[in-house]
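Common to both upcoming complexes is chain A, partnered first by chain B, then by chain C.
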Partner chain A sequence: MMSRLSTNKTVFAWAALTPFILLFSIFMVYPLIQSAFLALNQTYGPDTRLFVGTKNFELLVHDPVFWTAIKNTLIYSLGSLFIQLPLAFGLALVLNSRRLRGRSIYRLIFFSPQLMGLAFVAVLGALAFEKRAGLVNRTLAWIMQDASLLEIDWLQEYIMSTLILISLWLYVGFNMIYFLAALQNVNNSLLEAAEIDGAGPLNKLRHVIIPSVRPVATFVVLLSMIGSLQLFELPYILLNGNGGPNNKGLTIVMYLYQNGFELGDLGYASAVGWALALMLIVLALIQIRMVRKEEALR
Partner chain B sequence: MSSARPSKLSRSLTHFVLIVLAIVVLLPYAWLLVASLKSREDFFSGMFFPPGDGFLGISWESLTLSNYTTLMDMGFGRAAINSVFYASTSAVFATFICAATGYVLAKSKFRGRTFMTLVVLGSLIVPPTLLIAPSYELLFHLGLLDSVWGLLLPTFAPAFGVFLFRQAVQQSVPDELIEAARIDGCSEAGIFMVIVLPLIRPMIGAFLLITFLGMWNNFFSPQIVLQTASKQPLSVAISQLRGVYRTDYGLLMAATVVSIAPVAALFLVLQKQFISGLTSGAVKG
Partner chain C sequence: MDPSSRMRHACSLALLSLKHLSLGVWIIVALFVISGVVLLTKSDRPSENLQMWVFSPEHRAMYAPMIEELQNRTEGDEKPIDLSLLSREAIKNRTMSGFLGGLPTADLIEIERAYIGQFFQGPQEAIGFHDLTDRLKAEGLYDQINAPSLSPWSVNGRTYGLPHDVHPVMLAYRADLTEAAGIDLTQATTWDKFFELLQPMMDDKDNDGRPDHYPLSMWVTQQDNIELLMLQGGAQLFDTQGIPTINTETNAQLLSEIISWCAGPNPLGTDIDEFTAAGHKSRVDGDAIAYLCPDWMCSIWKMHVPGIAGKMKVMPLPAFTEGGRRTSVRGGTMLGIPKTTQAFEQSWETAVELYTAPEIARELYRMVDIISPIRSLWDDPVYAEPDPFFMNQQKGLMFIELAPDIPVRSSSPYNYNAVLEIRDSALNVMEWTKNQSDWTEDQLLEQVHSQLERAQGAIERQMSRNAFTGVEAQ
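Take a look at the complex of A and B:
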């Protein structure tokens, strides 16, 4: 009786695991192993491999376009982060007040852009930032009463600013949700004690609130960095598939895409992928350490 | 939070700032919706509604659905159907496979369980950019390029789903309940379907939503895997539309409305699950 029960259990366990193990091995483990070999080859389309050793990486280090892509991606990541974070935190502080009427509606509104896929956001952004016809220039021209503002060339000349502005619209509300959750954990008795000691709102913010949301803030920073280093859809669609004037809007993943799928060199694309992966892994490891630390504190 | 009652002035100032920000967030949607109803000639007349002598000084009769009918004539409806099919298939399979795997990893004792759990957790930090080129090569060798299965199969086993379901089972399925069912003669598959799945329903709901949304919004995979135009989902179809009809603003607006309306409708019905689901899904990094 007992042994039949346990064989049943084993049979079920393996039956339940098989689909995942199969798919995971084929589409995750195998490509991961291959990515190491592929980076040591040059290809012309997916059917040919020519072993070149570490040549791809040597080329990459001296590739000016690659460095442009890194520079652009970092400008975007840091630029959007430094504007996004204070805004998201400020909004969360305001919306955290229980007496505020309509806070759930505000929360919903600020969060909503996050649901739109990046491809759709890109098309909407392309329309909104269009010269003359776009919502942005028409609003600016209407407010300032200056028709020359209709000619601002957001989509080519100021592509980086455009990307950062779109990212604010997309992510401020999303990050606000994390800060709101963190503010729920601020110790109320600590706040009251501070108040009794005569701390003003600024002092309370500095000495009580900010220290207790710091772990979440670090988490949000890392999460946004990991996401924004992989920026692709927005500039790819806004710039119609190329890097823009002087590759002003070329990002790392766009460069990977161009090499792998337009020029057909999956090997070089893999090398670009490894370079980016290195940055992402460092960030992810920091993130894991943060989560562990926080769990240990709880 | 603060016990001092905020003054009337600071309260109305707060609302003023919030309303201005809310308008900034909502304005693009409103502009999109209204402009999708404008004909090509009317596009430049007025930022929102075309001016005229109807109610509120708006020329209501010049609003038209022609952009939408043109889209349908161009076969954009096909892309919408594709998106629905890809997103729901991917969501259902991924949820079921991850729930089953997460349950077994949480509750069954077998050799290699620790190893497998570690591999699944470890794979969470593998950056997706690493897999792009080799996956494409693999799909080529499997003959799955430009095939619906080449797009769908890789989405059926997301490791972060296993992680989430393993956690959900650990938190909300007591061992005693499983044992009791076993003693009552319930089969192992029966225990999973009848006892475990209902207990983790909140996680199932949230995960169905995030996988559906993830696939609906996915641009990169279909862009790389699929070539035939009639197989493309909305995300790729709309970007191709922009490539060709860059100045046909009304048409592009209508296409965007069609692409985001289903998700917006889902969101309005299931707000809570969306927010908890999206913030938990994001932890995958």
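Take a look at the complex of A and C:
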């Protein structure tokens, strides 16, 4: 009787899984295999294909533009990690305080750039950081009473800094929501106990709050790193589809797009894609290791 | 347990599970089923009509009545024509996807010059557009078209589209300001004389730390204007075989001269945005006296900068050397017929009708100041009409006079990237000048050469990845 039930369960499980397996195979597994195959070829359309073996990967390793794209993407990722997330956490701490009036309004305000969408933020960012007439330069020149500040060419000379600043506007509020949720789950009895033991705000933060939000923080860090490594739309819109002067704003995914869809070289683009996938896999493995280590410590 | 009862059992288990599904899940399932049925029953057959894609609202406005007339003339014999307006990028992406995926696109497609290189990326036989060379020659059109205007749409002597325009470039300047200052700018036959004549207007009478007027709106970040000027001076970024020739003496001399206009403590050029409100305000304020002006730019100013109407004049570009070329070229559009069309003959006839009709050429000039590439149409009186925006100059005739002399352009798929590399080279040399207290022309030239060498290497590397071009990286 038991074995019949387990067979039925197996049949049902497979029946339930089949739609997922089908979709997963068509939209994930097949493109993965196809892109691995493409990376070994030079293509132009469906009928023109040349097998080039590992040449695409060899060229990639010696391609200075690819390394520039990696450098830019890493700068942006580190900017996200060390500026964006601490700011988001700080904001969450402030907006979690019961003493602050109108917390919900502030939360909405900080989260609202997410509601506008990335393309809109990029267009507004381009206007704000415009040379001479842009809001940022006008404000700087007004505060410092120095007309030469109007000439700062953010979108030509300081592209990565501009990208990081614009993405702060976009993502600080978004990550703040995660931290807020984590902060609201901090065990109050632990905070009270710490207070009774004479802990000040800094000690409470260090010994109670941070350890409590660590799992969420690890998740947000990973999410933010993966998102940063896949940066595309923001620089693409800001820089009119190219990497800006000396490719100062070129990211890995932009380079992939340029090669695959502007130069039509899907083989090389696939090689870039696999290099990115490798980076993401390494990152995910580090994350898994960190989580396991944390679990072992508990 | 036999297989059929096992199946029955599994089904009853599944039904039991279904009973516990929430309303939300049922709504999702219903939407899935409905959309699935709609998609499955929707016909994916391409339209029977002839499809034409254009990216300019003005082009659509001009073509629509002509197409209607064409269809009335050939009623019943030919397919109706659907004229669609898409963005430049959408046309490029959809056409490219169609070509790469072997899928049908439109029957007639207008492509902007900035994107055409992408369609010439693969082997020549794999280009998605019909080779129109023989047809153009057979019908005598080849000789009627302004010869250099064919170059961006041709690969190895084969032409893949009908040119829509010539886009010669003149110098547009604030004649109200120069005349008030007693300067006759038409005497500026060379760039040196031009800057010399306008030197007095660079005084800082309002004491804001900047010249009251810069002679030229031109900066090293403006890659289109750099390309335009280099073409005027005879620069070639690729030879006739498509091999990059970026680091040549001519190119270096030209780039060096252009950079010298922008470098140093007293630059002659200034950075005025061409298409933004801030740039238009600068034009009204007279921040720069002169602008590099292709024919299409006139209509943009008429639409967006009415404040300079009646204050501007045009003249041929000053040459780099006495007796040198007085014009250049910027931009362009072609009409191509994809190989996937099921109606080549009708597409060809429509294309010829639209691109060679005198009425369309007239409208093209009246609406957007663009002159036709068909030389036999250049006698049309429309081009002799005085233009009040340009102090009643017969600007059309002036552009036409320069049209045969526009430079030949490369159709290399790497041309756009090469131009970006040239811009980066210029920026790097500018950066170098900022770090020097002083420099000589020779030092500047040496820096330019070293940057052009870098640019050449970058393009060769890109090309060497393309197994179809056979170019080796140095």
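A few comments on the model shown:
The criterion applied here is as follows: the second predicted complex is superposed on the first by the 248 of 298 C-alpha atoms of A that agree within 3 Å, B and C clash if a C-alpha of one lies under 4 Å from a C-alpha of the other, contacts with A are read in each partner's own complex, and residues count from 1 in each chain.
Following the convention adopted for this analysis, a residue touches a chain if its C-beta (ideal position, glycine included) is under 8 Å from a C-beta of that chain, and two chains touch if they have at least 3 such contacts.
All values derive from a computational prediction rather than experimental measurement.
In the superposition on chain A, contact of A:Ala133 is made with both chain B and chain C. In the superposed model, A:Gly198 lies in contact with neither chain B nor chain C. Of the two partner chains placed by superposition, chain B and chain C are both touched by A:Asn8.
When the shared chain is aligned, chain B comes close enough to touch A:Ile226, but chain C does not. In the superposition on chain A, contact of A:Tyr30 is made with chain B only, not with chain C. More residues of chain A are in touch with B than with the other of chain B and chain C. Using the contact criterion defined above for the overlaid structures, shared-chain residue A:Phe261 touches chain B and also reaches chain C.
In the superposition on chain A, contact is made by A:Leu285 with chain B only, not with chain C. By the document's definition of touching, neither partner reaches A:Gly53: not chain B, not chain C.
When the two complexes are superposed on chain A, the residues of chain A that touch both chain B and chain C are 8-9, 11-12, 16, 46-47, 130, 133, 261, 266. Residue ranges of chain A in contact with chain B, taken from their complex: 5, 8-14, 16-17, 19-21, 23-24, 26-28, 30-32, 34-35, 38, 43, 46-47, 91, 94-100, 106, 108-120, 122-124, 126-128, 130, 133, 135, 138-139, 142, 169, 173-174, 177-178, 181, 183, 186, 191-192, 195, 201, 204, 222-223, 226, 230, 232-233, 236-237, 240-241, 252-253, 256-257, 260-261, 266-267, 269-270, 273-274, 276-277, 280-281, 284-285, 287-288. On the chain C side of its complex with chain A, the touching residues are 1, 6-7, 9-10, 13-14, 17, 93, 96, 99-102, 118, 121-123, 126, 128, 208-209, 221, 271, 276-278, 281, 413, 420, 423-424, 427-428, 458, 461-462, 464-468.
By the touch rule above, chain B contacts chain A in their complex via residues 1-3, 6, 14, 17-18, 21-22, 24-28, 31-32, 35, 43-44, 47, 97-98, 100-101, 103-104, 108, 110, 116, 120, 123, 125-138, 140-141, 145, 153-154, 156-157, 159, 162, 182, 187-189, 192, 213, 216-220, 224, 234-236, 238-239, 241-243, 246-247, 249, 252-253, 255-256, 259-260, 263-264, 267, 271, 274-275, 278-279, 282, 285. On the side of chain A, the complex with chain C involves touching residues 4, 7-9, 11-12, 15-16, 42, 44-48, 50, 52, 56, 59, 63-65, 130-133, 147, 153, 156, 242, 245-247, 261-266, 268.
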